[in-house]
Amino acid sequence: MTEATVRSEVGSPAPMTQAVQAARRRAKMRHTLRRASVYAVAIAIALWILVPIWLIFTMAFSTPQDVRSFPKPFYPSPFSTDTIEFFLNTEGVLRSTLNSFIVAIIALLLSTAIAMPAGYAIARFVFRGRDTIRLGILSVRAFPVVVLAVPLAVVFIRLGMFDQTYSLALMHTALTLPTTILVIASVFMGLPYEFEEAAQVFGCTRLQAFWRVVLPLAVPGIAAAAVLTFVLSWNEVFAAILLTITNRTLPAQILYNLDKSGDPYKFAGGFFMLVPSLIFIFFIRRYLFSMWGQLNK
Amino acid sequence: MKKTKLLPYLLLLPSMIYLLLFFAYPMLESFQLAFRREGQFLNLRVEPQDEAAVVGTLALQTDVTVLERQRLEETLPNGRTRPFYWFRVEGLDTAGTTIEGWASQANLFIESRTESTTARVVGGESAREWTLDYVNRMLNDYRFGSALGTTILLVVLILPLQFILAIIMALVLQAQIRGSSLFLYIFAIPLGISDLASGIIWYSIFTQRGFLNSFLVGTGVLESPYIFIRVGNESWMIAAIVLAEVWRATSIVMVIVVSGLQALPRDYIEAGQVFGANLWQRLRYIILPLLKPSLQVALILRTILALQVFAVVVAIAGRDVLSVLAYETYRWYDPQRFNSPNMAAVYAGFIMLLSLGVSLFYLRAVRSEEEAAKLL
Amino acid sequence: MAEIIVEHAVKKFGKFVAIDDVSLTVDDKEFVVLLGPSGCGKTTLLRAIAGLGMVNEGRVLIGGRDVTYLQPKERNVSMVFQNYAIFPHMTVFDNIAFGLKMRKTPRDVLQERVETAARLLHIEDMLDRRPGTMSGGQRQRIAVARAIAYDAQALLMDEPLSNLDALLRLEMRAELKALLGRLGATTIYVTHDQIEALSMGDRIAVMRKGQIVQVDTPTRVYDLPVDHFVGSFIGNPPMNFMRASVQKHDGALQARVGDLYITPPDYMLAALRPYEGKDIYIGIRAENTEVLSQPGAGALPVTVEVVEPLGAMNLLTILIEDNVLKVSTHPDFPVVAGGQVWLLFPEAKIRWMDRDTGRAITPELEQVVA
């Protein structure tokens, strides 16, 4: 007990009457209700997002008979991998999955490699035209895919690069490059320049300082940007279906076959496309806000 | 010293080259596709020589009057010579003006080189001409109006829902309830979901034998399945597409709004609380005005993406049922269908113009509002 | 205006207890300063009173009304934020009028209140400007004007001067004190700056690790700290503490520091008796130590380690056994580092402290007065 408490008890108001207690209970109740309503909204939104995913999961892991049945089951019963196996064994699916991976990996490596020096330059140097370049990159970030895909297809045909996984990867790199540059720039901006200066004072060259001090610290952020590139390329369908015919990526393959195939193929395909993204988003979720926070500036 | 000045440009060079190669060059190409057409034209020359200056051009099949002829000798590979004629001709060019100049016999059909006074243009150099044919064809296409209408309808329905939901999601996350990191992950999941997958998922709900009918029939609301998705039932198809897009693409708006909110000093909102503003008033007078820059970015981004809506539509409505601009682009391009990159480029260019117009409009609208506020 | 009562408030963030069973009464029209080092819970306590974070246990009463579970807007309190929280998208007028507008105050009343508040803070000329480019001092004035225009039952201030530069802070301190004195507002003022606390408060509540250690008038907090912590936190330099052993000497109870015997005043004898044969701390302020340049009766000869001229005084650092002492002298006092001086410790100015608990050893009388 401190002196303060001793004092306050002396000056304490009249003991709580029943009315006061009732008012207090009501106030407490309202407070609890407010918290509860926030939870209710949060849970409702979570369900709005999760239920459709659950439904497509149910379809992917039900038997093909159940997939075609009506009314449909709301959970896999019996649990079966027949539908997903049927999908994976369908002509062209594994090949297009492989293509999707190749395209996404090339795009990821290429866009990170090209964007890293550019991001570093924007983050660390003051030079003539810096703002113009930044603004230019910012404005092509929202460039419609549809606009680029058609002429690129024509150019690729002319150059004999049409229907190749690498040319689609080049296109996807172009689509993600602006965002990647800005994200990587924001990662570098988040690292104090003093780190590099300190390293240089203690005997590193500029390149060594970058390599030994800055890069290790920037790796998580850069990795997050790379994952974002992967997800974008994995999901992209418009350019994919325009630029490839025999070397389709998974979304292009599924889209092309939509009209020709039954529900088991569609639903298993829908679920199958979902999985890698779910995993990747889980890993980069911490970086999402810092990435976008910087981008808006 | 000089080296350090060059360094940032060197570092930026690969990116700039890449972006020019993949943005600027395709844009030029697209422009060519949309507005230029391959054609053959006959160039009329000042003198009867191939290298002589060009007076004007005549289109193929133009009838011309022969005014004058000149006989020249042509040496053949075997060393012999033969006569070769040039004609001074007069005819109407594409613009409808009468022009005259020299043309060689190689490009004219003429009955008698020595006698005839009329001839017809049958050859010439191949050249590109400017044309609005493709644009006119798009504007007159019976599907164009409905494609544009549906696209705009989708944008108008999707965006407000998305922004309201995104702001609610952001506020829930900012309320710092227990488990908010779990909610954050769940709310962010759709970021990684493709439009095609989202379309398929909502197709599984809305299709005739889908989950919605299973539920409605299972609970006895309906006696037999209602066919939501069919030709002639556009409003249900559009509803399904709107739901799929709101479900999938609200997360990105939420992320932008949350990062905007995080950048706002908490003090602002707390000051609102202390000085008696309720939740709606805080939103209306404090949070939304301060979030304007973030909202503007999100609005531009989402509108441009919504103008390109494609895979969701195909997945839910099927091919050729419901027409949107991006689908038209694909339809015209498709080598197995119309195989017309030119028409595809016109449609793509139209989407580009719309995107640009909308962006400028948003930027303008926000600025002018601020200026108006300053005047008050 | 009304009194504010906090009873047995507890606030936890996860496992961390930010406020640990705190009780405090602020009388109507009183100005109480919450003072403590960073992380002591003073801002948390202020926010709990404002309703910006509910307490986990205990209750908060404002004007006799239990507001423990009410929203900030229902509590009728006003606040000045550390970073001012002046809305950048509103004019100065709209900022000051914000709370009144939320309350749907009639236009003419609102106009008058805003203008009065603006006049009091000397910002009536900038009412239609936006705060975007304004200096910290101007924003500060707007924040205070908004707080007083709102006419709430209590005024809460969260380190309002901490973001101003030193000179402006000094100026605002005096102005704010005069203004609040005139308004007679019940005010709780959070600061970590002890000078601010001493100069402004009717009373100071010193906090440490989530608890209120002492609530008293500035002079009593300064002169009669309840424990070692308060003594060393308040005052610049802090109170000196020397280890002393209590023993019988010449037939009387005395405290020995080095070779010096200090005789406690009579009213302390009873309280000190249990400490016979034990070590205690004796605390004394730098300015209360008498420094002589020549030997005097009962004065302790010491060597000066460091002399720091501070303008208004010289501060000497002196070692007595392993105790470091700071004493102040008039700037003209002749002394150099390494030189010898003689110290006198006036018994009446000494604060006696238990060495184990750090708490002041006080006669019964003082406990009653407190």
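By written order: A, B and C. Residues from 1 in each chain.
The rule is simple: a residue touches a chain if its C-beta (ideal position, glycine included) is under 8 Å from a C-beta of that chain, and two chains touch if they have at least 3 such contacts.
Quantities reported herein were computed from a predicted structural model and do not represent experimental measurements.
Think of the whole protein's Cα atoms as having one middle point; the chain whose own Cα middle lies nearest to it is A. Averaging Cα atoms per chain gives one point for each, and the point farthest from that of chain C is the centre of B.
If you average the CA atoms of chain A and of chain B, the two centres end up 24 Å from each other. The centroid of the Cα atoms in chain A and the matching centroid in chain C are 50 Å apart. Once the centre of each chain is set as its mean CA position, chain B and chain C turn out to be 66 Å apart. Residue ranges on chain C touching chain B, taken from their complex, read 50-52, 71-73, 77-79, 81-85, 87-89, 98-99, 102-103, 130, 146, 150, 156.
By the touch rule above, chain C contacts chain A in their complex via residues 3, 5-8, 21-25, 27, 54, 59, 61, 64, 66-70, 205, 211-216, 226, 370.
Note for the complex: chain A touches chain B at residues 35, 38-39, 41-42, 45-46, 48-50, 52-53, 55-56, 59, 68-72, 74, 114-115, 117-118, 120-122, 124-125, 127, 130, 133, 136-137, 140, 142-155, 170-171, 173-174, 177-178, 181, 231, 234-238, 241-242, 245, 251, 254-255, 258-259, 263, 266-267, 269-271, 273-274, 276-278, 280-282, 285, 288-290, 292-293, 295-296.
Chain contact summary for the complex, chain B toward chain C: residues 265, 267-268, 270-278, 281, 285-286, 289-290, 373-374.
Per the touch definition, chain B reaches chain A in the complex via residues 5, 7-12, 14-16, 18-19, 21-23, 25-30, 33, 165, 168-169, 172, 175, 177, 180, 183-197, 200-205, 207, 209-211, 213-215, 217-218, 225, 247, 255-256, 258-260, 262-263, 293-294, 297, 300-301, 304-305, 307-308, 310-311, 314-315, 318-319, 325-326, 329-330, 333, 335, 341, 344-345, 347-349, 351-352, 355, 359.
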